[in-house]
């Protein structure tokens, strides 16, 4: 137990992302309202983004923008990898964020189409209407 | 045994496939049937052109494409295949003539479709006859199943639909559920599917596996109509009579039997069957089928149904003959393919002719019909003689060899079966003929005025009847082929 | 130019999609030719690529000139070269056939539709060709988003079913992304080959196991593997025929490809089949998938839904074959990707023609079609035979390898499932043939009832369909060559 | 359903927790992720591309291919929203409302009569509400600064946080702000749908086109150093310029897509006053 707590603290970023992700997943499965599901979906994606970004962090390092080096031909200056955080996760997550936004847009567009057709966004009511037809 | 590589077998298969576009595109019926004739004659010519080589004990081989390691779409013309192909391609011509008469006589609908699938079915039949391995055989077997479905269901009414279903259920169901896995198991065990005299197995496999495989294959080829996989055959009687004739005499059932024989001789091999003593099992299954079918046939009033059950019995003769594993028995079985073909097709032609001329289907309504259609009924008499196996018809020889085969393999019970079933055959055929000619004027249902079916119908049945008589005097060709096959 | 094929395959469709969407605002009639040209180029270069791979072996293409693992690289080997050819050819043939029905269904939105269509194809091709795990995710999302757009253009219920698809698809893609993240966190690399190089010491790590399972579940979600298939039938049924005939053949197959790629390249077979030994579980899942797919298909009274459930069963074929863990099974799975793409295309194009003429795909709409549309139905028969697995159509041959694999793995349940589904498909399709053939019933032996006039779909729809039907048979006849010259090299030596 | 959801969630969560056991601790400098690839990027970027902002360099050059498809993703999202929602060829309503701007008098015309566009009348919808003056003026003041800032963010992406995406989003936001503060018609009049749609494609086209240009110049796809002879600079500087070009493309694409999606969703494809 005693040695468990440090590990738990040392990896708190993972626990946070897992909790967030599960909230999103639960919303997607259990919620009845389509827009709530969409919100859950966003949370789900955001959790993963958080996970990736937290990978990149490095103790005692700053944002990956080289300081003091300017413009072209600055190749001779030495750069220490330890001083800067890992840039790759940020790059990847920029992509993931964009994808999330796009998915959100499309999902909302679909939701509007559904609302125009059934005048509700509650899944059970929609299904009831469909069964009536 | 030296082999020749030649494309002839492929051509023989393709010729009737290639004619289909012509049939579809041809405007007038005459043109259409002209093309059918051309195809039939070319096919017969190609097949016949290979006879001499085969008689000299050579094999003609052609490989189309290798699909799996060790398995190819491949043709091999050997004596047995040639025997079957010869029968099929000869009778196609006759059947075509007859179909023309029949279809026009009854003014059936969508005749083009009929002739197309007829042609396709024929090329499938030849494909089966010439196939060199189990895979190729299966390929054409399935092709035949699906090609004959529209023929069986030609009338497109409820009855046709239900019997079409039955047909598919038995034929396709059995082949997919039994033959396909069995084939794959064989391939997995041995790595090849090529037919060969000594079989593809090493003989080290456990007997249980062999037995299961054998049964799967024998029953899987449900076209052989071995009980309990027979009841599609009477159901398929809704088809137009030429189709029934084709089904029973030429294509379908014979393909089934042919496949079974191939499995026995080519896949397992006589020696293995003898060593594991599996032949007897098949013998008893066949014997059971023979007796039961003949008994059922006695009770049938519909002429075509009676013929159907007679066919089921006769088919098992062939299986029995081969399963005896004795040379004479095998010769008998193989020749019976030809002899029974001529006899049975005659009978069906007669049934069809009667239907065309009088619209009668049941035997009880045919009292005294001999006075009205003497030619037909005489032909019917000859056909039944051949099927029963009495001289002067070809059927006599096959029966004779079968009997000798039972003695050779000293299977006395089988001898009893053969003789008693011959009696049964006589019992369900002769009354028809007798009633047709010898009946008191008052019970006759037809007036004394000769009125045959259209000439197109009469000529073929006379030809085939003559054929079965001719086979009594000149059986050498088929006997020779059969001997070559058993050697 | 030859060495640029890998880029061209993806870039040409992308560029032309953009041009189409711009051109659509100028002149709608420009869109179709551009789309056809682009997909034609893609198909041509994919064939060229396949030939090149066949004589040179694996091709590596560095995008931006950066060597992997720094930059993104394409790895083209026999496996994805083959799938590329299939995808591009299917897309090319289908776009020609789709023209008429697009004009019929939504003329005013043709331009964006073509754009999405071509983008979808670009995405799928990219998924197949890329060698970078994260790049695959991005392309996955492109294919997915465009797919939602295409599918939602259908009937009234399409948006709802598409939204469900979107939920599922997003979860699937996110899970895949998460799995890649796990791999990244333990290896620090995103390049598939590089990851495979770094993994072996980590085979025992929980993180790698988790990464594998998460990726697999994500991919299964997207390919509608049985317990996760719920989104597929509605999404495909209510879509327009032109969209479903593109998506139904390709998307699931491409996802199967991704699964096989993950198994073979990223987590090598040693890890998947030896270290974790989940084979039996997954193959039994596949068995359930096949059986349930077949049974659910039996329950349908409507052609398109029936075909959708058949797809579910077919996915079971491929997953099961791939997880049998032997060479024959894997061969069968890869071969079935090719065959199933083609035969699904065939049957869905048939549905397209029927809908174009009859305006419906419920069983009662199909009466008398053999007379009405003989050519379409002829192609349908070929496609059905292929799905049933009748030689010489191609479906038989992949089934052969799958059953053989089952035999060699001693997995008789899978073999039984395959046989069972073939039998069920016989029933399924002959039930339809009977409706098209017998009904409407005519009295007294069908003599002299007036045959209704032949009313076949337009030539641009029938000709591609017939081409597909012919391809089905040719692929069947040349199976031997395909297996010996391509698939044999697609499977690593380790797998026996 | 809730129970099932709960069960699934718990199982998944437990599995993920289990898996997290083998992960390196938070911010561990020796984790594979930060020791395998990232040192190369951090140390070599400046030599390879002479771009101090490593994220920009990796985004638009090392992994430029990803970013191109990322832009395509946005583009296709905009297109999907359009194809799903936009109502084309729907007939105009019988009655139209016009508002006299100076007096604020609202006119209602029947039988499809219309006022040919004149300076002192504006077309409005039946449920039109007068926009609040303060908000209107405030936003009018704000918007230009927003846009200038956006341009700065795009242009300065090499040296500071920023780049095409961020700048593009701000640009889009400025237009969206206008359509919120005034109404959709005004903003649509400023940026016509056709322009938006075509610009959207053009933006991505700039990116992909640059890549294709490199391909035509004989290098691999997206290998900007091939542009050096065109731009009269050395290959390394060429890479940095190439990055700038594609960032501009991204900016255009993102801005227009934002606007496109917003207009379609907020007016459900009717392109009236919206919301």
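Here the chain labels run A, B, C and D in written order, and each chain numbers its own residues starting at 1.
One rule holds in what follows: a residue touches a chain if its C-beta (ideal position, glycine included) is under 8 Å from a C-beta of that chain, and two chains touch if they have at least 3 such contacts.
Note that the structure is a prediction, hence the values are computed from the model and not measured.
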| item | value |
| --- | --- |
| Most remote chain, CA-based centroid, reference being chain D | B |
| B-C or A-C - the one linked by more C-beta pairs in contact | B-C |
| Whole-Å separation of chain centres (CA-atom averages), chain A against chain B | 71 |
| Between chain C and chain A, distance of the C-alpha-averaged centres to the nearest whole Å | 29 |
| Intercentroid distance (Cα basis), chain C paired with chain B, Å | 43 |
| Centre-to-centre distance between chain D and chain C (centres being mean Cα positions), rounded to whole Å | 32 |
| Per-residue multi-chain contacts in chain C, two or more chains | 134, 138, 141, 145, 148-149, 152, 159, 184-185, 190 |
| Touching two or more other chains - residues of chain D | 16, 20, 23, 31, 33-34, 37-38, 41, 63, 66, 70, 73, 76-77, 80, 84 |
| Interface hub residues of chain B, defined as touching at least two other chains | none |
| Chain D contact footprint on chain C (complex, rising order) | 4, 7, 11, 14-15, 18-19, 21-22, 25, 61-66, 69-72, 108-109, 112-113, 115-116, 119, 123, 126, 132, 134-135, 138-139, 141-142, 145-146, 148-149, 152-153, 159, 182, 184-190, 198, 205-207, 209-211, 213 |
| Complex contacts: residues of chain A adjacent to chain D | 7, 10-15, 18-19, 21-22, 25-26, 29-30, 32, 54-61, 63-67, 69-75, 77, 79-92, 94-95, 98-99, 101-103, 105-106, 108-110, 112-113, 116 |
| Residues of chain C touching chain A in the complex | 134, 138, 141, 145, 148-149, 152, 156-157, 159-160, 162-163, 166-167, 170-171, 174, 177-178, 181, 184-185, 190 |
| Residue ranges of chain D touching chain C (in the complex, touch as defined) | 15-16, 18-24, 31-38, 40-41, 61-66, 68-70, 72-73, 75-77, 79-80, 82-84, 86, 88-89, 194, 197-198, 200-202, 204-205, 208-209, 211-212, 215, 219-225 |
| Chain A to chain C touching residues, read off their complex | 25, 28, 34, 37, 41, 44-45, 48, 51-52, 55, 88-89, 92, 95-96, 99, 102-103, 106-107, 110-111, 113-114, 117, 126, 130 |
